[in-house]
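Which chain is which? They are A, B and C, in the order written, and residues in each are numbered from 1.
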């Protein structure tokens, strides 16, 4: 008995010792900042003056002045543009790339290239391509289109750049998903006389559901946080038409120097993303148990 | 029948090639423009070949006041240090979660996992405040510290992998008198090479590319990283696209080379980890 | 068995050692403080003046061998964002430029050196009075005046005027009038604007959506355009208590006129170009694609260096209330948290002296705020055969002040997107300008 207790204590000590460095990181750089941002959301601070408690003033000003509402709306539209389109293109590309044609691996490699590159640097490249007077695209088109400075075109243009960046990533997952479908199932369907289209809709797509779920979860969450491309392409303009939430937080904090308002927006974003993640998890759990039955 | 199959294959290739051109186009334009003179850029089409071929833009970036070379060194150092710190801390933690029994293990693991839901954007403002209070703002350490101790995501992936290592191997080593560190270094780490390689690639890539945090926490040329240097050149030389494209080329090409060298591992890494 | 762990440990230790070494090397290369020499850092955004400073400081260093001065340029676009985080993080340079809208917040936070006591009064007597007044808050001066921009004027491209059958005389006394009764500006601009088929803006075939030559740079440029058009119509930007007051009837008429120049008469580049790129119009003028370019002396050196056509300067268009221009000054502030306050004060004193500012004027980089250095500026441009009197003559009719008050950054941030929309023609001028004024004033009460 005694030796067992000692063993257990030794094992506990080992466990905590192994955990110590990472726990330090998690507490100091993940959990503590969340508490700090929550605290800051009740303060007024302009970076150089004193930090003073202002109660719910920041919440009231953020939730009432429409600027943050606009940012939420812009972000939602952005997500609604990016996620479905890139999922469709990725699914299409994956279908073409899993037909066993020679060279498929090369195309796959090419399509993934933008995904591994710095979004900021790619954004700067696209800023030139889309520039109104000496940009590459307008030179090619021979026509002046104000891609980034027309409020009606700017958000779709930023979304297009982000889709261009992400398509390879999405393709990769759908390829893996399609290749995982057991050959017998496809064979059986073919014997039953299913055509290519039927096969896709009734066999492949349902079997891709876990992949689809994973791709949607990760891309929705990352689209909600888009910043680098917006910073490079439009800085939130013209007329706040691309002022996504992450950019708004940045500009509120480091351009207008209103850290309290920025903290409120960060708290709201945190709540939104936690709710989305939990909802997706719950949905997924139910779905999985249902399918396993 | 044969004809339709041929034509459908041709159509597939046509679509794939168009997609590839569309994907590669911006990279090629960026690289081509970086080697052009300002005069050629002003006078000729964006698609023209560099003539004369010039290295002036790169020379100006690397030797001029932009100090791009320094930015590359700072970025590499920060990424490597973060990588080493993250791997060590994450391997230790993942082993504890996978194989060591201690009270509170479930709760702590749950806490670690829940931090995955915190978007990095949310952390920028409080971390900035904390770094400023600690007197570390605009220092090399401010780039590294917040990320060097652990990545809950790496811990999660490593734990899954460690759980697949047969307990018998560990028990046998224990009987030979190995302590926990010996077991980790001699058995667990060597058996986990693939997942460690994956984590290495995604850590390097994500910290070479990271932008918002370095933008916020550094100023001036002392500790700025490649992405921040690129952005600041863009705003300083608004319209001097040959110079700006040289900067984007320097920011993009190292990873492109790395990717082409290790493309198999990269592709596997992305599908394993769901990120890069 | 111990081998592998030793190798891994040694490898990790080696990597850490190399990184620590490299970081140490980088740290030293960035501070490079050597022995008895104190380094004082001076930050500004203007490259032309920075070049003049370099000359000025090497003269200073010869007489003051114990001080080395580093000149640091931060581009205008990032300047005030970075300055704020640097001051907050105790990483600000010893001396830094501020403008009238930005310094009050720093002064209120105790971040600036009190110049009234730091510099001898007799030296202060030699500084431009309007600039000294602009940087005085609560009876304390918070910066050493460096630049005293006189008024705004119009640069003209003589070749383009000639093509349109006009001379400098035809554009030197233009008038604008929101009612149209007494307006000579629009007619001239129409002659000076061409579409891609070469039709001028007053011809029936004119296609305003596709311009090859712009008449003028009407747009959302506060200093060069908006403040002057407001004042020339008798409107204020801010009232005496620093509340924003530009949405008066006269103010809205001024905005309406500017917006019409772009969107109705189509004689200026579209707001899509100019809202996001503040240098667009200057580039077009320098490329010979804009006939009249309204700006200040801050672009004089750029125009002189970049224009390969005949050019000159005339008075800005006069409005119902006369030709009234905004004026602005720039000051160098001292960092109250500087580690070497004594050396910093010596550098500030040099910047405020005739000898120290001489270089700014003598190179033609900018108009110095130190009065004794101003003749050098006039002499430089006289030697270049450029008549800069239109920048100064306009001051006689009264001037419009630059934006002021501690809340300017937040107010600017709030009004800009709304005014962007006004200039893009997306919102009606009246309601858009009123909304911008309300948004700006709302930031003051927070």
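As a working rule, a contact is a pair of C-beta atoms (placed from the backbone, for glycine too) under 8 Å apart; a residue touches a chain by one contact, two chains touch by 3 or more.
All of these numbers come straight from a predicted model, not from anything done at the bench.
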{"item": "Distance-maximising chain from subunit A - centres being C-alpha averages", "value": "C"}
{"item": "Which of A-C and A-B has more C-beta pairs touching across its chains", "value": "A-B"}
{"item": "Interchain centroid distance [CA atoms averaged], subunit A/subunit C, Å", "value": "38"}
{"item": "Inter-chain centre distance, subunit A versus subunit B - centres from mean C-alpha coordinates, in Å", "value": "16"}
{"item": "Junction residues of subunit C, two or more chains touched", "value": "85, 88"}
{"item": "Per-residue overlap in subunit A, given as positions that touch at least 2 other chains", "value": "254"}
{"item": "Residues of subunit B engaged with two or more neighbouring chains", "value": "88, 128, 216, 239"}
{"item": "Complex interface listing, subunit B residues touching subunit A", "value": "9, 12-13, 15-16, 19-20, 22-24, 26-27, 29-30, 33, 41-42, 45-47, 88-90, 92-93, 95-97, 100-103, 105, 108, 111-112, 115, 117-130, 145-150, 152, 155, 180, 205, 208-209, 211-212, 215-216, 226-227, 230-231, 234, 239, 241, 244-245, 247-248, 251-252, 255-256, 259-260, 263, 266-267, 270-271, 274-276"}
{"item": "Residues of subunit C that touch subunit A when the two form their complex", "value": "81, 84-85, 87-88, 105-106, 108-109, 111, 210, 270, 272-273, 275-276, 409-410, 413-414, 417-418, 420-421, 424, 426, 442, 446"}
{"item": "Parts of subunit A lying in touch with subunit C, wherever the complex brings them together", "value": "46-49, 57, 61, 65, 132-133, 144, 146, 148-151, 234-235, 237-240, 243, 251, 254-258"}
{"item": "Subunit B-facing residues of subunit C, complex", "value": "1-2, 4-5, 8, 12, 15-16, 19, 22-23, 26-27, 30, 72-75, 77-78, 82, 85-86, 88-91, 277, 279, 283"}
{"item": "Of subunit B, residues touching subunit C in the complex", "value": "65, 70, 73-74, 77, 80-81, 84, 88, 128, 131-132, 135, 137-138, 140, 176, 178, 181-182, 185-186, 189-190, 216, 219-220, 222-223, 232, 235-236, 238-239"}
